[in-house]
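Naming follows writing order (A, B, C and D), and every chain is counted from residue 1.
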């Protein structure tokens, strides 16, 4: 069982570890020599390569190449290079958080070269090495069959936590909505705990509440487990900024809801809350201030 | 035609002016001697009093007393005082932005003393002196009839811009939703102009666009007139803070939607945008940051 | 260990079972003779009473009386009756989904009679008998101490799933926000699965996806466990109406967010989605249709 | 002054009338012979043509061709045909509610053929013939100069209601957000009036309230004028379905907000309300019902 892992960051590195510990021979590449060499020292079944062409040359055919790179330009460059290096019958698995329409395009472009393609949504974050990953992947049936043994290693065990969702693109479509749901759940918890914390009259112990809710409540969930663990160290969050990035999948979920004509108000409002946390609604808020002043003579807050 | 005006601030002061210019004898009180004396010098039909008891003693019966005070404690204190000073057959008109349930209560309390009551929603802001006010008022039919001649002076003219909405409380209920709508319209404009301004590639002249939309567009409105006028001076708003207060009526509109079971997502989201502009979602946003770190190892923005 | 359980419905009945199986002597009352007699036959440590006065007369002092009734009129009537039946030193635990301000009032009213009070938020639903309940309860320290042994039986085990949150009212405040979070999580899942199902081109197996996400994904949660179980029977939901009730706690969460000035857009939008599912936005939607026709001549959908 | 008008529907027909009455010679085409011949009989300066090629052959050069067709396939086909019929130096003005990125593409494609291009956002609906239209148009300076005399006729008068916004695409970008704002304003009014109507205890006369608000209130606006006029005929709306279509611009506004990273919660929630009015949230609502049943044993509403 041989597999290439290209991109050995927080996700790809741990996936390489889990694959190699699970019995696969992993051929790894990362732009950071330190990263790839470190893994090679650490894992018996892992070999590091200094370039993608060297790696591809060493990998037995038919090749299985897992891409674990940021979606967008970096992933696109990797696809372009691999098209020149791979042969008919080889398989690319893209594990990035890629837009599903890009994955449909990749699938079609690779099919024209008789290269197989699987788009794999991967959930589990930094805990995946220990707990296994949740995998939802799309692609033709024969491509999915080649990918499946690796999925069984990455998953919590061979019987659970992975599914072949359908044609190319469907894996990343499913992952997109997984993350859309995640945005909504996170915002729900954030609103609730913010309101618990804001109720000065009760002086509630939110760490204790989070811990208690983990057991038999309707909201028990892995996100709550993480909140409870974090709160056991600090609940004031005094050293944090109220500044939240967003990545593509929350945005794509909202775009898709508009295209489908299916309401997604919780996903949209969760995304917009993050935009606003970064000051992106400042102009709008200033305009409200301006209008209040113009009609009612209300004072404007000035710098 | 005699009327007392208690509270001569931005709203009450101009309403006293409009009433006195319209032929009413206005008996005015304000806690600020400077304010009330200034008005007395300015307006022929306006007399200033140094206290509410002196004013009430001078006002011919049956008395008409217009309260134009902040809702809440200050208004409540005025009601309490007036109950001891007024006589059966007198009329209190409350023009504050009061919660309609408070006005229902005031109406009932005054009815027990045979004092009449009208709750008047007043819109028009600082432009009311010049343009007239929009008035929606509740109360028993006989109370409304006594109030009507004054409404005709305050309104743009005797035939338009005022309505007797129904029983006590219905005037402030109507005004509450007027303001709820206003919140939504303001937020809609704010979002739209913010997106025009954010589109760097087009370098749009938002002042010119606002001015153009005033003529024959679907969004033409008084709020847009005000935006266009403000934008003619400044569109960058660089000296403003993105900090927007809210007053009671937007909040009450949302509370009422929940009580009625009628969705008001635009009103709620407009209100919450203001809350967030004041940093009231900071804890929630910090928690999102915390969760992203906990599951994905994403860096947290720190102070 | 003696405790009265008043109200033996879906929640109270199972809680009585769990208490009696856990070693408490349960004195039970329900308006349904069939319900209370059925329980008496079923559970060794459970005695049924035909009236509350009979039950209270039989219950050893100091008494512990758990109310598990619908909040509102029925609960209020029970409080009123119990005030005449109980003695100083007795304890009422209210396990209803009550508004926390009502619980603060109950606490104060009972304190005036030297009757102790605990407000207990109870989560876990119909699975509580088997899994234990999650309990968050408020009240004075001495009242909480009396309640705690019973909480340890109801909870998953003596060490987890229960917490004394603070003064009277704080238990139901905490439960209110638990449910507010629950509303948001449910809506997030609903939106996500609706979008999976709506993507005809992929023909996704949402049952399989739900099952897969249970393992190692970020959205794994008890709600997802339940979805996966339900979906294993039916994913089309063809015999269901798109009609969703709401109970008090979602509403109260939104009201509280407005009072606190803390944004809760996900909670509000989740609540409003339920309102709309019941046709409560019909008039608003008809007005949109009317306006579109008025400005654009667009056809209106007519009955 | 010669201009072609291709597409003589509700918008194009009236624009042709206004142009011809304003002194332009209008060369008209519509797929409906009845429509185009009707206009020819009605308007002195209007000539009907049975096909686009015949029209283009008759139109003096340099030609000005206004497209007033549905965006999408029909517009695209017209562009394709016109590229084969027009000559360098001719001008196409696209007045459709087109996606601004499509207009940027059209501009670039036509520039390659030395055909000029203007994208014109047109607001005013069925009232434009009488009141004039509000016009916001993009394109190169020389193209805009050719278009301007026609804009002055279409606008309320030569001095107001039209603006050259910037490069190609900027006109439709501006119109997109005009409509995004319109969605928010409509929803705000709809929510407010729905809540007025739902307050049975006050039995409010919403027609009278709408009429009153037209005068001096903060929410006075053309949309409110239309509401008041419609309400003067009927306020119950009993024969309407709560079913609201949406066209592209509301959707595009939300998509753009996501691309820009600028929050647009009012626009999004307004759009989603329309989606839901058409039953597009049914599956989501059924899932809520399913979950409530699964955890709490709550009855599901069944068909």
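The criterion applied here is as follows: a contact is a pair of C-beta atoms (placed from the backbone, for glycine too) under 8 Å apart; a residue touches a chain by one contact, two chains touch by 3 or more.
If you're wondering where the values come from, they're calculated on a predicted model, not measured in any experiment.
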Which chains are shared contacts of subunit C and subunit D? A, B
Pick the pair with more C-beta contacts: A-B or B-D? B-D
At the largest C-alpha centroid distance from subunit C we find chain D
Specify, for the interface formed by the sequence copies subunit A and subunit D, whether it is same or different in terms of residue numbers shared by both sides, with half as the dividing line. same
Would you kindly tell me how far, in whole Å, the mean C-alpha position of subunit D lies from that of subunit A? 39
Here the gap between subunit A and subunit B, centre to centre from mean Cα coordinates and rounded to Å, is 48
Can you check how far apart subunit B and subunit D are, centre to centre, with Cα atoms defining each centre and the answer in Å? 34
Multi-chain touching residues of subunit C, meaning two or more other chains, are 125, 127, 187, 189, 191, 193-194, 198, 218, 222-223, 257, 260, 262-265, 269, 272-273, 276, 280-281, 284, 295
Subunit C partner contacts - residues on subunit B that touch it in the complex: 218, 251, 254-255, 257-265, 268-269, 271-273, 275-276, 278, 280-281, 284, 295
Subunit C touches which residues of subunit A in the complex? 123-125, 127-128, 131-136, 138, 155-156, 160-163, 165-167, 169-170, 173-174, 177-185, 187-189, 191-196, 198-199, 202-205, 208-209, 211-224, 253, 256-257, 260, 262-267, 269-270, 272-273
Residues of subunit B touching subunit A in the complex: 10, 125-127, 186-187, 189-191, 193-194, 197-198, 222-223, 226-227, 229-230, 237-245, 265, 269, 273-274, 276-277, 279-298, 300-303
